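Have a look at these structures, which come just after this line.
In what comes next, chain A is part of two complexes: it sits with chain B in the first one and with chain C in the second one.
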Partner chain A sequence: MMGNSEGFISRELAVRTLLQERGEELVVIGLGSPVWDCTSAGDHPLSFPLWGAMGSAAMVGLGLAIAQPDRRVIVVTGDGEMLMGLGSLATIGAQKTENLAIAVLDNERYGETGMQHTHTAHGVNLAEMAAAAGFSETIQARDEEALTRAVQMVRFGKGPVFAALKVAGAKSSLVLPPRDGVVLKTRFREALLGPDAVKE
Partner chain B sequence: MTEEQALLSPKVVVQDLKENGVTHVVWLPDSETNFLYLLMKEEPKLDLVPVGREGNAFSTAAGLSVGGAKPVILIQNTGMMESGDSLRGWGLALNIPVVIMIGYRGWTRHGKTQDTAAIYIEPFLNAFGIKYYLVENNDDAPRISWAFEEAEKTKRPVAVLIGDEYHGFNR
Partner chain C sequence: MNAQGNSETSPEWPTEIHEIFRSSGIRQVAYVPDSGHAELIRLCHADPGIVCLPLTSEEEGVGLLAGAWLGGQRGALLMQSSGVGNCVNLFSLAVNCRFPLLILVTMRGEWGEFNPAQVPMGRAVRPVIEQMGGTVHRADEPDAVKPTVEAAVKLAFNTSRFVAVTLGQKLIGAKSFSVK
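Showing the complex of A and B:
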């Protein structure tokens, strides 16, 4: 099933394909629409939805990937959020973190503020920027076949890898996780590190 | 106080970090604390994580902390002010018990400075309710451990201002 615009994938299909066969991967989710999308696809204690400062999801993922080198870390975020933290691509490229993957749901819009165009609507190619920063593999996916390759790369490719999933610009359904960042952090840490890690 | 008396030995600082269980130093090059960086780079028990802007230091440290590591942030006061929303979103909103070591550019013992980086840093920290300790020399070094204890006890970021008159821009 293709999205409602030529050259774009259904947003719901992209997220479902990305997460449907997840195992023990640690999933960091950038604030805004990706949080609703990923929660709608199925909440999970090893998902870490973020409510913090915009433009930092990739760096939270980097820190987590460094702290947990034996675990796969997948960052799912939006194009607006990624554009606000482009310098993180350079830092991750320089770190060459092999267990880190970034998947951007790129609808070329700021979804939470009125669907205004982001820079990717004007030709900015995030995958090419990641490649230039030194990511080991990158892809820009605009159809179902490319989506399948992108998801394989995100789940199993030697990192750092970067996938820009060009998704149709529809607004996401508002399926919310708890809105308290500390609650989400504690849930995530308990699932990752065990109950002793969250004792006060 | 003479220059010799005023010096803060980087070895003392690094020893404090090790004794407090620090695993990673998230940092951006800083004229005030480069002398610390040079020693940390040689210390096998500390992994350095360089970032491209100081705001990214807070999100990276949050990820490290959530993943079970114990980071410290090493930046300059200019970068601390650049990091306002990151401090809010990652340090405070997630209760991250991280110590921020801040090179105090423009700091002088006599208190007079024209450097706005120095003029605004303490009001900035006070505005966010961040407790801070001033460390000028080796005699002040125990304050670094106090900062770590405070961070763990309160589950909040705590700052250490490195007020060294004899390094970096302060020379």
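Showing the complex of A and C:
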């Protein structure tokens, strides 16, 4: 199943394509492999990686998107993390937040705990669930052509946008961002809000 | 002014909490509804300066308010006592990153409760929040609500801490099931 499987995009290519032309976007990263992947593609003060709080990535993105309506907010997370926060798809769908996009690196596995199947290995379609929840644009990408369209949608589509990127490939190399939550919070606020943010 | 929650006259304290939200710059209010919070929810929805949004489950609000703070906004989370149990692991996000987290909890399972299912979580609210590193302020009388919420707002946002205000069932009034 791993490797160059039919119908799956290289995990490394998916993350690189998603973040390579990154500009002003604010990025929230769900715990586990997506954090190592995104950090490997380049750590950034405007990335907020989660070390825990499984299931919360999409909601952190929503709060940020409401607070910063003129900035694009991209949540990058895994299928297991997204499955734990399915209710947040309904909450976001109801809010119709135009500057929020969610990109799920869907390898159909719990990558940090022994590669057990997630529900998406058994036919659960996250993109269709997001569409049913009221997301404006959704896509499930299984090849490089669809990946290109998905990344355009994530970066520029009218939100809320949801892209499930079906990925396979080598286990993520363990490139770690800072682990201290206060450091991650403070560097993000400083980069976004300016030096006075740390005095608040 | 009759401030008893179970009287026919509307109590003042929901209006007072809304005024504190306005004066302290709270811009996002998230909730899973409880009848004790109904008037405050109505006031927040009617306020163009506040984004007031319903959640499917209370723990969503902990993530939401972390994101709000990252983006430079203050928020508050409203829930019934049962919702505290849904949040427990998510409280680790606020505590670990020292996000200010203000939650207002309307209590069930205590003063004059009818429903036995409300009792275990009602009893567990304070110890659970304290075990997770939060501070609990409590109000049982109408006149105590305003100073208690004001103090909680200051502690939460001036010191970047997780602070809960529990609004006692004596204040809210026990839910009536019209049982003789």
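Note that in this section the second predicted complex is superposed on the first by the 194 of 200 C-alpha atoms of A that agree within 3 Å, B and C clash if a C-alpha of one lies under 4 Å from a C-alpha of the other, contacts with A are read in each partner's own complex, and residues count from 1 in each chain.
The definition used in the following text is that a residue touches a chain if its C-beta (ideal position, glycine included) is under 8 Å from a C-beta of that chain, and two chains touch if they have at least 3 such contacts.
These numbers were taken from a predicted model, which means no experiment stands behind them.
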| item | value |
| --- | --- |
| Combined model on chain A: chain C and chain B, fit or clash | clash |
| Touched partner set for A:Leu192, first chain B, second chain C, both or neither | both |
| Touched partner set for A:Leu176, first chain B, second chain C, both or neither | neither |
| Chain B versus chain C as contact partner of A:Gly63, first or second or both or neither | both |
| Contacts of A:Ala132 with chain B and chain C, given as first, second, both or neither | neither |
| Partner chain(s) touched by A:Ala53 [first = chain B, second = chain C, both, neither] | both |
| Where chain A meets both chain C and chain B, residue numbers | 28, 48, 51-57, 59-68, 85, 87-88, 90-91, 94-95, 181-182, 185, 188-189, 192-193, 197 |
| Of chain A, residues touching chain B in the complex | 28, 48, 51-57, 59-68, 85, 87-88, 90-91, 94-95, 181-182, 185, 188-189, 192-193, 197 |
| Residues of chain B defined as touching chain A within the complex | 24, 26, 47, 49-53, 55-56, 58-69, 71, 85-86, 88-90, 93-95 |
| Contact set on chain A toward chain C in their complex | 26, 28, 48, 50-68, 85, 87-88, 90-91, 94-95, 181-182, 184-185, 188-189, 192-193, 197 |
| Partner chain A, residues of chain C touching it in the complex | 27-28, 51, 53-57, 59-73, 75, 89-90, 92-93, 96-99 |
